[in-house]
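Letters A, B, C and D name the chains as they come in the text, with residue numbers starting at 1 for each one.
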């Protein structure tokens, strides 16, 4: 940023000064005067083709490094779900604690936000942390940051989303880890726990009738599936991340697990974003469960 | 002034509404784009007044959202895109290449009518419920959630697209087949090159926005699901299709302005333009590369990181031809004979503002920096520097430059200089603070904002009032000059283009006899017909280089 | 601009006029390619997201009628090309006859298209109007099948609109041709409408496999 | 009036009806082939082969129409450039947009 600013300032100032200098230096003296007929210069053209090109490539490279780092979250993150809807933000801590237009995070931890939208495109933006990401209905986006100083910081919706777009903001509170723990335990209750809610949905929506834990059902066992490698019917493999789980719930036939039939109905339009998150959280909680030898979505050996 | 010219050849309202004369059609456009400019300008003024206070008490949030949307739609689709091509381009291209008219005069008139019909739909939308989707019409907000009059607006822009397409088609064919004897491609004025490049974008880009908005409109009317995730569609696809046109559309706005500046600078520096072929080539390069960069508007939508890297890289490439142009313009001034007349002041202003606008684009093309600046006031400031500082300055400068040709009369020079300076100062005061606001993190399209941002907003509003004055002044004295201005004569500056070889105002068929071109462009030294003091020149260094 | 015979005032020669008109038409067709291109883009993405359901939905449209229509339309392209030829060699009567044949074939195409649309209407396959893909299909399948049919109707509808415009142009050409306006010297309108007609044919050549022939095995 | 007038006569090239009928016959054969090809499960050999074959045949047919019915083969270079541009830009739109979608998986 400083680098780009320096280069841009240099060119802006240099060209402006040169233009103004020429304006005075070569001001017309007599009405009939004509300028010197210079048509061009190949060497100069080459210089100002190549030099800006090289400079801009360094700018590109610098920006690319930051961006790649930003798009690839580290592994040891604190995952918080954030759902945008016209015109409020709901966030949910890993313990299930929910907040509206507020977000509490501990200082010095890598925090990953998993963003979902109930309606239109929003954008979760924390200018003080230099981060933002669109919140797009229909799929998850993630963003991550590492707060370094306790305090309260504004967050905004940066993608225009309708009438009260400007009011769709709130505060991030960055706390000392101990304060954060205290804050978490002070308000968490079992019924808000997404794993519990997800387990309930898992039965209610009849997922449990096919996805048997022992792998003997009509559908793969979900034990240990999260973050594991899943072998698909077409021979490829995918990592079972949030996006994959979401897709499997909403468009089950898109990726069929090897050895299974495409039997599952879609749940598109039947689950709210929050319910999908709860189900995902429940499936995640099965990560530590023993993986059956056969009939699993993920082969035990293939586990990371 | 000539006794008979295109303005008085025939009389009556019919002779204007049914004219196929490219010069008269240009004037019809002039009136209609000015109308839309004032509509858009009114919305802008209300926005700036509203933003004086952080709470924003002047209008409701709904109204505010409609104001900035309608400001964008009116200004972009109905002012900026047609402004220079349809007014100045229409008026000048046939004359510059020595033709009697465009290749398809009736289609030219048809484009104006299509523009009017599209404009009526959009005005209807403004009048009945307004439009609150943002000019970008992002789905599913526009196609499902908005309660405003989206459908007529979308239809209006769809229809208006055909006006652009037909104008572009006309220009391309005209430049290919209607050039006068001796008018080779490399003798074309750079204004024509710029319009040729613009027309390429008209032809290749506009149909895509037309079909995209049509699909979004169908989605809204019939509850289809092309871009609606609830029905299985993908909202990001809309953005891809939208920006496939709308990013090149930025070049539709700026390329013709660059063309104007490339005419003004050699004329008032009275020397050949530096690196003619590089300026011509860079216009084409911008038009072509401009099509490969669109997804840089989408770095944070969750698009593939590989795609983001590619598009960022290509975005830097498109910056190069613009830089080449700027360097060449600057070098043209070197050892010139620079006159400080009004069009040249606009030329100077253009270079300064375009420089800032272009260079701040480098920040936004930079992936890492864009994470912070995306969708903030920094973006607003950046594209206003390009579109207002660049395109509008070019347009107003061009109007001043060719005003004697269009009307046969000169405007009051003193007033005109005052207006040019007012515009420059007002513009910078309006938009420079917005760069700072953006850097501080103020998101765009906010009807109320945290109080810490107020200082810069007040500065911006103050600047906007100066800017408004700067636009009113030319309106008044240009209108005045049509009747009372000093008679200009065929070539008042003097300039080298073919358009200055005919009377001011020109005859209906432009030239008495088809001209024959046997000189190079901007070649003041060998043009003894201009009445300049060629011999008085200190050093006639042999011309070298690429020309 | 005044006009001398078939030469408009802004042009110097008939050659220049013909050249301009032909280039103009080609450039116009470029915009048409990109215009349909937006829809092909939407189609490509949606099909790649829901390949199975697109296949299922495609199998529910009438292949026989689609294939017949393809033949009819290519046939009309042939007669159109023949009328251009007839104009070039100065057989004025043949021009009219081939134009009429083209118009008839074009109308047959539109007629068959109408029959297909009617079938879809009866089957509740028209998006937005009580759309129901198959009795008992779930919400997701329904939505995705509706995407297919939205594209089917948007693409074939836009194509049919072009056909109707083309038919209008043909009627005008037939009228002019009756007056014997087209000859070896001047046949620009026939050439241009010919280009347009062939383009519409080309669009169909792509629409046919993309809409009718997904997973027919 | 224009430097391209040398090209104009080639644009007036007369194609004989025999060529037209041959092309028509070829188009008919292609139509038959594309329908039959769709009925075979080519995807079993190579995933997506069905689409590739269908599009290849369609492209062939379209090329025949452009080259012969539309006289593309006998047109001036400029017209050929226009045709190539349209295809190229369509390809940019399809290819670059799809490149985003297929490269989404990131880790």
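What we mean here is this: a residue touches a chain if its C-beta (ideal position, glycine included) is under 8 Å from a C-beta of that chain, and two chains touch if they have at least 3 such contacts.
These numbers come from a predicted model, not from an experiment.
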| item | value |
| --- | --- |
| Centrality ranking, top chain (CA atoms only) | B |
| Inter-chain pair with the most contacting C-beta pairs | A-B |
| Euclidean distance of C-alpha centroids - chain A vs chain D, Å | 41 |
| Inter-chain centre distance, chain C versus chain D - centres from mean C-alpha coordinates, in Å | 16 |
| Computed distance of Cα centres, chain B from chain A, in Å | 36 |
| Contacts with two or more other chains, residues of chain C listed in rising order | 11-12, 16, 19, 23, 27, 30, 34, 37-38, 41, 45, 49-50, 140, 143 |
| Sites on chain B at which at least two other chains make contact | 176-178, 204, 208, 230, 232, 234, 236-237, 240-241, 302, 305, 514 |
| Where chain D touches two or more other chains at once, by residue number | 1-2, 4, 78, 85-86, 89, 93, 97, 101, 106 |
| Chain C - residues contacting chain A, complex | 49-50, 52-53, 138-141, 143 |
| Contact footprint of chain C on chain D as seen in their complex | 1-2, 4-5, 7-8, 11-12, 14-17, 20-21, 23-24, 27-28, 31, 34-35, 38-41, 50-51, 54-55, 57-58, 61-62, 65-66, 68-70, 78-79, 82-83, 85-87, 89-90, 93-94, 97-98, 101 |
| Chain A to chain C touching residues, read off their complex | 250-251, 253-254, 262, 265-270 |
| Contact set on chain C toward chain D in their complex | 11-13, 15-16, 18-19, 22-23, 26-27, 29-30, 33-34, 37-38, 40-41, 44-45, 48, 63, 67, 70-71, 74-75, 77-78, 80-82, 85, 88-89, 194-195, 198-199, 201-202, 205-206, 208-210, 213-217 |
| Contact set on chain A toward chain B in their complex | 1, 4-5, 7-8, 11-12, 15-16, 18-19, 22-23, 26-30, 32-42, 44-45, 48-49, 52-53, 56-57, 59-60, 62-68, 70-72, 86, 119-121, 123, 125, 127-128, 130-134, 136-139, 141, 154, 156-167, 251, 268-269 |
